[in-house]
Structures are given as C-alpha cells and as structure tokens.
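Below are two complexes that have chain A in common, paired first with chain B and then with chain C.
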Partner chain A sequence: MDMNEIKEIFFQECEEQLAELESGLLKLNDGDRDPETVNAVFRAVHSIKGGAGAFGLDDLVSFAHVFETTLDCVRSNRLDPGPEVLKVMLKSADVLADLTNAARDGGSVDGARSRQLIKELEALANGEVPPASAAPVEPVVKPVAAAAPPPVNDEGFQPVAFSFDDFDAPEEPPLMEMPVYDIVFKPKSDLYAKGNEATLLLRDLSRLGEMSIHCDMGALPTLDRLSPESAYFFWKISLATDKGEDAIRTVFEFAEWDCDLEISLVSDETAPSGEELPMQPVPFDLSILDDEPAVSVGVVEEEEQLAAQQRDIRNAAVSAAGTASNVLQMAQSATRAPTEKPAPAAASAAAQSAAAQQAAASAGTPTIRVDLDRVDRLINLVGELVINQAMLSQSVVENDTNGTSSINMGLEELQQLTREIQDSVMAIRAQPVKPVFQRMSRIVREIADMTGKSVRLITEGENTEVDKTVIDKLAEPLTHMIRNAVDHGLETPEKRLAAGKSAEGTVRLTAKHRSGRIVIELADDGAGINREKVRQKAIDNDLIAADANLSDEEIDNLIFHAGFSTADKISDISGRGVGMDVVKRSIQALGGRINISSKPGHGSVFIMSLPLTLAVLDGMVVTVANQTLVVPLTAIVETLQPEASAIHSFGSNQRLISIRNSFCPLVDVGRILNFRGTQANPVEGVALLVESEGGGQRALMVDAIQGQRQVVIKSLEANYTHVPGIAAATILGDGRVALILDVDAIVAASRGQSLKPEMSLAAVG
Partner chain B sequence: MTMTYAAKNLTTNGRELIAFRVGDQEFCVNIMLVREIRGWTPATSMPHAPSYVLGVINLRGAVLPIVDLSARLGMKPAEPTVRHVIIVAQVKSQVVGLLVDAVSDILTITDDKIQPTPDVISSEFEKSFARGVLAIEGRMICLIELEAIFPQEEREAA
Partner chain C sequence: MASKKTAQKTLSLAPVLDLNEATALHEKLLALKGSDIVIDASAVERVGTLCVQVLMAGAKTWEEDHLSFTFSKVSDAFEKTTQLIGVEIDHLMAKEI
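Now for the complex of A and B:
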C-alpha cells in the first residue's frame, strides 16, 4: 500500500469525521447537552488533525488545532455552547471541510474566511477561560495518589526500573535545573487495537530529556485468564525535561483517548518522592523498542532465578505492547513463568473489563470498503445473467412445447435465484441519503447568512436508502431547490413577523420509500407561490396566452419552464434564469418526477419521486409497427381497449378518446417515432393512459401488449447518441435490443414541440 | 531474417490493415481499431436515425449501433443478408458495427506503399475520409479513416 492509498483512506475517513462533526454540532444546536455528543465532536476534529499532521497538511492542522482548542473548552464546561458559539462552530466545520477538500484536490480556500474564524474561535476559547494557555490544564495529581493501588505481588517481585541510557540519540547531560515530571501512562487495550505502540510513545518521550521508566506488571493475570488483546501493564515514568508539560502531552496526542495519562511536576532535582520502589536505572536495550519483542533484555537483578522469570514476563509485556500477532510468543513466555500468580480478584476484574471492551468493539456491524468499480462490474454481470436467464427460458419454451417439468422447474428456480441475486447486488449500491441531506444544512446556513434570513432546516428519513448513482446526482438539483426555497420561498424576518409567523423560517427535507420509489419532499413555510406574479411573468414571456384559463396547479407548474425566475431582482444566490427547469430536467434524467403544490401564505412543497435504482426498471413490453418497445410501468395509469364510439376526431388530424366522460388526446406512438407514415386505426390497438410531468394525461396508442417484465437498462448514449423520444435501451429474452420509451418526451412531442431528429452518428452536412 | 524484417517494419512505420469489400469496391482500415468480426443479426431500428444507421444490436450486453458502410460512403444501401459481416470497430470512445459485404484480407504494409488519393475524387466528403490507395496484386484498395466518417464533435454538437 503506497502513500497515496493511505492518504486516500485518510480523506475518506475525514469525510466520515466531518459528517460526524456536523451532525454532532447540529445536535448541540438542538439543545443536546450530552457529554458524549461533545466528545464525539471533539474526537472528529481531533482525528482529522491527527491524520493531517501525519501527512504534513499544515493548513488543516493549524485550523483544526484552534477549533479543537475551542471545543475543548466546551468539553470541559468552560464554554457554554450557546447558539452564537455554535454558529461559529458550524462555520468552522464548513471551513474545515473546505480545507480538507482543498488538501485532497489541491484547490485553494478562502484564506480570509478561515483566518477570521480562527480569530473568532480563539476569542471564544479565551473569552471565558484564563487566557494563559489554550492547552487543557489537568488538575495536578501526585503520582502516588494517582497510580493504581500498589501492585499486589505474591512473589515479592519488584517492578524493574529501566532507563534509556543506551539510546543513540544525542544525549543531553541531565541538567540539575531541569524540572522533573512524573508521568503515569496507562494504556487501554484500545490503544493497541488502534495500532498505537506504547513502546514508540515511550521512545518519543525519551527524546525529550533524561528519563527513567518503571513498568508495572501487577495487573497481569494468570495465563488462563489472560486475554491476548487486553492491556495489563502501565508505566511510571520520571522525566527530566525543560520542554514543558505541553511537549509531553504532544507525545501522547494521538493516544490520549485510549490511555490514562497523568502528568505531574515534581519539585526540581528531587527524585520522585513517595516512590517506595527503588528506581535503579538499569541498562536497557532500546532495540527492543524497534525490533521483534523476542529480543532478550539485559536486566540486572539480585536474584538470578527471579531475573529469569522477570525476563520472560518482560517479553510477555512487550509482546502485549506490540500487536496481538505475537500471542503465541507471549503464551510461551508466560508458560515459562508459571509460578507467577497475581491476585485473582484483580485478574478477573481485568479480564471482565477486557471482555466488556471487546464486546463493545464488536457491537457495530462490520463493514468493508469496496471500490465502486467492482460493485458496478458485479451489477453488470448480474444484468447479463438476468438477460441470459430470460433468453434460456424463452428458448426452452419455444423448443420444448411439452414442457418437461424438471427443466421448467429448474428454470423457475433459476429465475427466482437470479432475481434474488439482482436484488442483493442492488442493495450493495443502496446508500442512505444522509450525506446529501447533511450537505444541504450547510447550504441553508450559507444562504441564510447571505440573505439575512433566519432559517431552520429539519431533515427526516435520512437513512432512507437509494442507489448511489441517484444520490450522487441528487445533490445538484436539491441544492438548487434549497437555495430557491430560502431565497425565494421564505420571507424576510420582518415580513414573517408581520404575517404572524415566527421570525425563523423552516425548511423541511424528508425522504421516504413509497411503492418502489423514493419520495423526497422539500417544504418551506414561506409565502408560497405568488400565482398572479407567475401568471403575469408567463404572459410576458409568451409562455401562455394572456387569456389562458389555467388551474392553480398548472400555474404552479409554470415555474418549471425554462428561463423563469420570479425574484424581483436577480440575486447572487438564485434567479439567474437557470432555475427550476434545470432542476426538473436533472430529476427527469434520473427517471424521476417533480411536482409542486403551494398554499399562499403557508409555503410550498416540492415533491420528487425517483426510482430506487438506475439499473433496472419495471416495464410493459409493447409492439408498435412491428417494433418491440418498453414503456416504463411507473408512467402508465391504466390500459384500455378503445371502442370506435369513444374515438373523436378533433381538428385537422388530432383525435381524442373519451374515458369516463372526459376527453384525452390520443397519441400514436408509431407515428411520433416515425415508424409508420399514417396513423394507425385506434380500434385495432391498445391505449395506454399515461401521466406525464407538467400534468395532463395522454392515451398512447400501441399495437399490442406483450406483457410486463423487469428489464435491465442499457445506455444508448454509450455507443450511439441520445434519441429523442427514447429514454434508453434494454435487451429482451430473445437477445434483441428493445427501446425504452421516454413517455414525457412523447407527450411533449404530441403537444406540438416536435421531436427534433437530432443529428446523429456522423450526420455530415 | 524475420527479426530484421520486423525491426524494419517498426522503424518504417509498417502497419497491418484489414481489407473488406463493400459493393464492388475494396476498402481497408487500421486493424488496431477492429475489435471483432461477426455475422449479421437483425437490428432494432431506431426512430429518427439517419438512413445509413440500420439500428442497434446486442453485443454481449452492450447496445451497438450498426452502420451500413455502403450507404454511408454514398453507395447503394445494402440489403443485409446472413452472408453480410459486421466489423466491430472502435471509433474514438465509442464502438460501432460496420456492415460490409465481406472481409477479404489482412495486409501488412509499410507507409511508402500508400499512394496519395488520386485527384479524380471530387466530393469533399470522399476526400475527407480517403487517406490514400494501395495497389495489392492488381486490386485497388482504398484506405479510409473511420474517425473522419464519424466525426464525434458534430454528434456532440447535435
């Protein structure tokens, strides 16, 4: 694994941390005062800082550091996370996200904005705390009091003190005036689980100055109670350094969460007081800190026998301090010291806590990261499988009219299995809409800031799952709509108050599953659509005739027309002419529908309905002029066999069909697609009643219905070009390509907007 | 001997071409652009397609447009039969099936064998795709450039 891959993983994790950070801050914003929430927020920033430090991303580190410092004030209850504080913090989270993106993609960020925020954050951190130091100051605890109860040791072992005398770094002569710190470093098993090494931390510590280490093995249980993944040892360190406590804390920065760390300043020159055990510096081979734990340790002991055992235990200790991969070695070492028996009570307690920790660690569902390409490949293959299975069934039906039951049964099972495999594979791509929704909260904040409106975004159903491609393509139209909702939909606080509403506007974003589709609703409690204004604008722009008789719904839907913006003045945020028509088109490109309903004075609701996946579609297979076509089932309202008496000619070449006493235009699909020159006789065919966007029903005339089928969507654009009136292609059971009808385009064409035969495949002219 | 030939072949920019028959004429294209050669299968016709696009077929799960090369090159439109052949070729980022009468030869030639296109060609279109002619055993084979026949930019502009 090279550096870039590791970096990529770091950025992926950053995204998760940023999401965590934002959701935590939003919870706090909602009045959550759970210390765990504060901790989660703190951890997120801390992890980003840690990782960024490892990759030398200085901008990110310095900003994260300031942010972390301020968060620490919240964590230690020195700063109340009120709305003002959280506003700054949410902004900081945005900047942190920007910095992360910039670090990944090499872009640049608004330096002024981050500097401004750094100032604000520092002001917050300093405002209510002693301005002496930003670093958290832990209460000073005397080492003896702080240490765990003196190790119980039946055999009268004396913990061995060792120093780093042989360490090859430039040795500083111990200066008498250097302050001496007593450090108690007690790793938890999590420390090792996260790949930290106690030995490396200790070595880093040794670089700070003259130090002596004392390892406490009192908690080591007997072999049968020993859990290979638990941490049993802790170290007492006496360090003479002039670098100060902060430097010591920096060493443990990455491990801070997974160990108990106590640092206390002992009076200068004085040896650690209250230490009952003789701290004789013993030559200690530092290579053990770098190499395999098996390297024997030169220990000078008075009793040879004890020394041998001690060595073994030390091996065990270092093994444990390493990774769990050396379990065997540790076990061996421990076997050689069978006489060693710590107090059973302590041991069982340790074992219990270890078990609890392990249980907690494994509680989350295990997940893996998989390259999207691999999933896509799998999905493609399953698509092939489905087609092949259909082809196989069809040829069996054609060739074997008797229908040998075993073959048919086998085929049926195969069909069921392929369907199941397909569903499972699709489920792999299904992702919750949460990331997109979270991005929206940032957009709302920014626009609220720009427009001076006070907005609250409420999201519901964030865990609704939908195919990843849909999610990826959802962000853009949703951003646009949110902007519109805040910019145009919501009124200014003054107007809201005047209208008897609360000054703070609400935008509600919800997602839910409904009949095999995902429905996303965006509701605001603003003024609603000003129908008079929309109508006037439409007339001005020649979209409708001045005397057109339009229903409220039709007027509302006018905003989806191209070049329609009702904002009086063009603002920075929205209203540049590319508006809801773009949104509608991108939703339609996803196979979705969008509708608006609005109540004057109470706000508007945009309802989007999208397919759960872009890979398969339930369709009705029909025949038109000897061509096989697929009509998406979602578009079809009903099918009917027209009677001659129900067909009425209208104008020069229009025909209407009367359905339950209402007239609906009849559209000959074969004619619109140029498959035949003359209009077919409706009585000989079947009419599909379809509902298209922008309201209005149409009856599509086809020659015959072959049946309903789930089809795998294949792109036409990949090797060809977009074909008007055709959404995509698919491959049917006989191995031939069938075209999937674009119902909305057909309906639009029937309205007179011609299906332009676009130039295609090398139309040299 | 072979080695030196190969080496010479490389240095003088030698190339392999695949020759095929369309109507009563022979054409050739760079063999590196050809993915596979397969028999004719009925295509699904496309609405609003130019006359030389016969439709699309299923190529192992991919949708492949079929172009009647005869019609595209301004000759009589082909009437596909089972004896016709589809040359599956890469044209820029897309894969296209070319309907031809038959594949006739694989040629290994050096660039100096390619003669400039004779001056008789009057139409701009023919000039744009003809890259030269080859005299092979008394036959005349026209080297054509597929990318010139299917210019991508115009399709995207469409």
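Now for the complex of A and C:
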C-alpha cells in the first residue's frame, strides 16, 4: 500500500469524521448536553488533526488544533456551548471541511475566512476562561519543557502522531490543568527475575497522561562486566495526569517490592526537577506494543504465574488486561479492585472480559470499503443475469416441454434466486440520504448568513435508504431548492415578526419511503408563493396569455418554467432564473417527479418522488397497438376490464370510465404515443387505473396485459435519445426491446391530448 | 577501509527479546567483540528492558574499543519500546544504507 492509498483512506475517514462532527454540533445546537456528544465532536476534530499531522497537512493541522482547543474548553465545561459559540463552531466545521477538501483536491480555501475563525475560536477559548487556563495547551506543555511543542497558534506547530485509542476511554480527562508528578523508578534485579517488565510498567504509566522520560544509564557497565539479568537502568519520569498519585502507585503495585519508587507532586510554578535532564516525551502511539506478540506476553506470564505466588498472579491480570488495547480503564479498575485473595481465575477473567470488550468494540459496524465501480459491475452483471433468466424461461415455454415439472420447478427456483441476488446486490448500493441532508445544513447556514435571515433546518428520515446513484444526483437539485427556500421562501426576520411569526424561519427536509419510491419533502414556513406576482411575471415573459384562466396549482407550477424568477433583484444565491426548471429537469432525469403546493402566508412545500433505484423496476408488461410496453407497477392502482355501459363520451373526443360511481378520464395510450390514429374500443382492451403525482386517477387504456415481471432498466437517453412519454427501455425475455412508460408524462399529455416536451406548460399556456 | 569492511559483522536479533534471551544476546555480542558490528533489529516484535540493557552495554563497549556499533534496521516495535523507556538510539542508527 503506497502513501497515496493511505492518504486516500485518511480522507475517506475525514469525511466520516466531518459528518460526525457536524451531526454532533447540530445535536449540541439543539440543546443536547450529553458529554458523549461533546466527546464525539472533540474526537472527530482530534482524529482529523492527528491524521493531517501524519501527512504534513499544516493548514489543516493548525486550524484543527485551534478548533480542538476551543472544543476542549467545552469538554471541560469551561465554555458553555451557547448558540453564539455553536455558530462559530459550525462555521469552523465548514472551514475544516473546506480545508480537508483543499488538501485532497489541491484547491484553495478562503484564507481570510479561516483566519477570522481562528481568531474567533481563540477568543472563545481565551476570553471566557480564567487566565490559568487561558492557553489551555500550556499546562500540558510545561512539564515537558525540553520537548515542548510551540504554543497554539504558532505557525511552526509540530504535529505529533497520537494514539487515538485512548480517546475511546469514556472518562478521558481534559488534557489541561493536570498536576505533574516527578517519578523516580529504580527497578531491582528481582523485578525482572520475577517476570515483570519495566517496559510494560512504563507503558501503563504513559497511559495515565502526558509523560516524559529520562533513562539513567550511568550504572551500565561494559559488556564483559555486565550481568545480563541484573537491573542497571533507572528512570526519571515526569507525568502530567489528573488521575492522582494512587493511580501511579497502582501501576507499580505488583512491582513495588522489587523497585525503589519515589513519587512527588510538582506544582505548576516550580520548574520540573528533570528539566536539566534530556527528557524524551512519550506521546506516541503505543498500540503496536499491544499487538499480537504482546498478547503472548500475557499468556506466557499467565503460565508462569500459575506456579508463582498470588501477588504475581494478580500481575498477570494486569498485563493480560493491559495488552488488549483500548481497555486501559478496565485494566485499571481490575487492578484497583480490592482483591485480597485473587483467584487465578481473576487473571483469565480479566483477559476474557478485555477480549470481550475488544470484540464488542470491533463488532459494532463491521464494514468494508468497496470501489463503487466493482459494485456497479456486479449490478450490471446481475441485470444481465435477470435478462438471461427471462430468456431461458421464455425458450422453455416456447419449446413446450409439456410442462415437465422438474424443468419448470428448476426455472422457478432460478427465478427466485436471481430475484434475491438482485435485491441483495441493490442493497449494497443503497445508502442513507443522511450525507446529502447534512450538506444541506451547511448550505442553509451559509445562505442564512448571506441573506441575514435566521433559519433553522430540521431534517427527518435521514436514514432512509436509496440507491447511491440516486443520492449522488440528488444533491444538486436539493441544493437549488434549499437556496430558493431560504432566499425566496422565507421572509426577513422583521417581516416575519410583523406577520406574527417567530423571527427564525424553519426549513424542514423530510425523506420517507412510499410505495417503492422515496419521497423527499422540502417545506418552509415562509410567505408562500405570491401567485399574483408569478402570474404577472409569466404574462410579462409571454409565458401565458394575459387572460389565461389558471388554477392555483397551475400558477404555482409556473415557477418550474425555464427563465422564471420572481425575485425583484437578482441575488448571488439564487434568482438567476436558472433555478427551478433545472431542478425539475434533474428530477425528471432521475425518473422522479416534483410538485409544489403553497399556502400564502404559511409557506410552500416541494414534494419530490424518486425511484429507489435506477437499475430495476417491477413492471406490468402490456401490449398497445402490437407494441410491448412496460408500465411501472408502483403507478398502477388496479386493472379492470371495462364494460360498454361504463364508458361515457365527454366533449369532442374525451371519454370517461365510471368506476364505483365515480368518473375517471380514460386515456388511450396508443393514441397518445401515436401508435395508432383512431381511438381503440375500450371494451376490447384493459384499463389500468393509475395514480399520478399531480393527484387524481386516470384509466390508461391498453390492448392486453402480458404479465408482471421485474425488468432491468436501460437508459433510453444514454443509448438513444429522450422520447416524450417514455421513461426508459428494457430487454425482454425474447430479446426484444420494450419501452417503459412514463405514466405521469402520459397523464399530463392526456390533458392536452398530445405529447410534447414541457407538456405541462403546453397544457397551461 | 577495506579491512574494516571485511571485519564488519552482522547480528540479526530474534523476534522476541525477553528475559530468557538476555543471556543469549549477551553471549552473542561478547563473541562478536573486536569487530565492527551492524545490528539488524527489523524482526523484533517484542523487546524487554534487559535486552535493551545488553545492547546499550554493547554500544558502550564498542565505543570504548573505537569500533562501530550501528543498527541497520529497526522494527517499529523496537523503536517504540526504546522511545518508551527513554533510550536514545538515534545516534546508533546507520546513517547510510
């Protein structure tokens, strides 16, 4: 694995951390004061800083560092995360994301913005805390003066790789204001003879806090006079920890008879006694010492201890538990437990529970990262498999095996299997919409800032899953719509107050599954659409005739027309007149529909309905004028065989069908698609009752139903060109291409009785 | 230079340098006395204090003998353990490989 791959993984992790950071901050913003939330936020920034340090991404490190410092003030309850503080922090999260992106893609960032935020963050860290901890990093730095990294905002800040493991410890203390202890540790030869190991003791010690160490080798003789199993080294240690002297003594608990130990507390003012000594800081990742070989230490020691004294058995418990990484807290509690007569079982119990904890930690979400190309290839192949299986079924039917049950049963099983495979494969690519929604919260913040409005974004159903291809294409239209909602939809705080609303506007973004589609709603509580203004604008732009009689819904839908903008002046944010028509087109390209409903004074709701996947579709295969078409099953409410008595003519060439005492317009699909010139006789065909997104039911006339099956969607746009009224194509079992009907387009066209691009406007204008 | 090169010996350290290995390591080093020595610590997975003591005593002895005592390669575990216990080995690292 080369450096670039590692770096790529780092950036992927950064994305996760940034998402974590943002959702944590938003939780805090909503009043969540759970210390775990604060810790999660802190960890996210800390991890990014640590990783960035390893790659020498200095900009990122220095910003993350300042951010982290401020977050630490929150973590240690020295800074209350009020709305103003969180505003700065959310902005900082955005800048951190920008810096991360810039580091990955080599782009540039707004230096002024990040400098400004650094100032604000530092002000938060300094201004609202007592002077003793005004520069929170310093107390940590002091005791290790010899190796002190430069202070917070120094350009030459030196990143140190850091063990993130320890941050999993739930009671991880803030790193500042910690007392510093000077420790002199002189092992006797017996210590080693009894199977103790100074390295393990020192490792456990280093986990209590920030540690610097000096090894005194003065007693070390030359090789010929050396007794290899005697103790010559001794250590002077400076340790900053808030866990107290007892915790330090606990580390040495089982070795105290075999060593000389002096522990003294150093006050902040007095220089550490070890200052003149060349102290080595020990803030590096020690997890490597916990790896597999170290586990065997525990085992070996355990074996040794079986024959040894109780004291040593307890020691094995320490080292066994200590060897499992991430379980520092546990190891300590195990050793602190006042076990006067620890049974040998204690050792294995500690080891076991340590392992269990480790397993639990890793069993959380076992995931792997897979290249999307590989998944796509798999999905394509499964698509081919489905087509092939259909072809096989067809040829068996055609060759008429007289219904030999074994072949038919085998085929049925194959069909079920392929179906299951397909579902599973699609599930691989299904992802929650959360990342897209999270991006929106940033956009809301930025637009709110630019427009001087106060906006609250509420997201719901962000764990709703949808195919990744859909998610990827969702971000752009959604961004447009959010911008519009904040810029045009919501009023200024003054106007809101005047209208008797709260000054803070609300934008609600909701995702949910509904009958095999994902429905995304974007609602604002703004002024709603000013229909008079829209209408006037449309007349001015020659979109509609001055005397056109339009329903409210039709007026609302005018905003989806190209070149339409109601904003009086064109702003930076939206209102360039390329907004909603682009949105509508991208949604349509996804096989989706978009609708608006608006209540003057109460706001607007945009409802998007999108397919869950762009790869397969459950459809009803029908015949229309000798052509095979596929109607998406999700659109069909019911099918029925019309009787002559139920058909009623209406107007010049409209027909209605009476279903359970209500009338429903009859739409001749063959006519709309120009498959035939004359109207088909409804009695000879089948009516499919469909529900269209615009509301209301229509009965689609087709000649016959062939069956129901899952079809693999092949894009018509990509392979041919867009055909009005047709959503896509598929390949049938007999190898022929069948067109998939765009039910909404057909229904919309039925109003105007012809199929043209922009049919809804053709109908309106 | 040529004579020095031929006199240079290499000692590859065992993966586990614990209590038991200290005596063996001591003997191995004693046997190599009088030659320049290059220590390969790349395979080390675990090293205890006693073996570090032996190695440092070796470094001291070689220095007194005015012979070269260097580490050609060290494993991560070896490096981290020495750092942890505050034993500086940077000056013993081979400068050119």
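FYI, the second predicted complex is superposed on the first by the 403 of 765 C-alpha atoms of A that agree within 3 Å, B and C clash if a C-alpha of one lies under 4 Å from a C-alpha of the other, contacts with A are read in each partner's own complex, and residues count from 1 in each chain.
Just so it is clear, a residue touches a chain if its C-beta (ideal position, glycine included) is under 8 Å from a C-beta of that chain, and two chains touch if they have at least 3 such contacts.
The shown structure was predicted, so the numbers you read here are calculated from the model rather than taken from an experiment.
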Touch check for A:715: first (chain B), second (chain C), both, or neither? first
For A:209, decide between first (touching chain B), second (touching chain C), both and neither. neither
Report for A:235: first if it touches chain B alone, second if chain C alone, otherwise both or neither. second
Partner chain(s) touched by A:179 [first = chain B, second = chain C, both, neither]: neither
Based on the superposed arrangement, let me know which partner A:735 touches: chain B (first), chain C (second), both, or neither? first
Give one of first, second, both or neither to describe whether A:725 is in contact with chain B, with chain C, with both, or with none. first
Could you please specify the touching residues of chain C with respect to chain A in the complex? 15-16, 18-19, 22-23, 25-26, 29-30, 33, 45-50, 52-54, 56-58, 60-61, 64, 76-77, 80-81, 83-88
Residues of chain A that touch chain B when the two form their complex: 380, 383-384, 387, 627-628, 673-675, 714-716, 718-721, 723-726, 729, 731, 735-739, 755, 757-764
What residues on chain B touch chain A, complex-wise? 42-50, 52-53, 55-58, 60-65, 67, 72, 94-96, 125, 128, 149-151, 154-155, 157-158
Which bits of chain A are touching chain C when the two form their complex? 187, 192-193, 195, 197-199, 202-203, 206, 213-215, 217, 220-224, 226, 228-229, 231-233, 235, 278-280, 282, 284-286, 288-289, 291-294, 296-297, 300
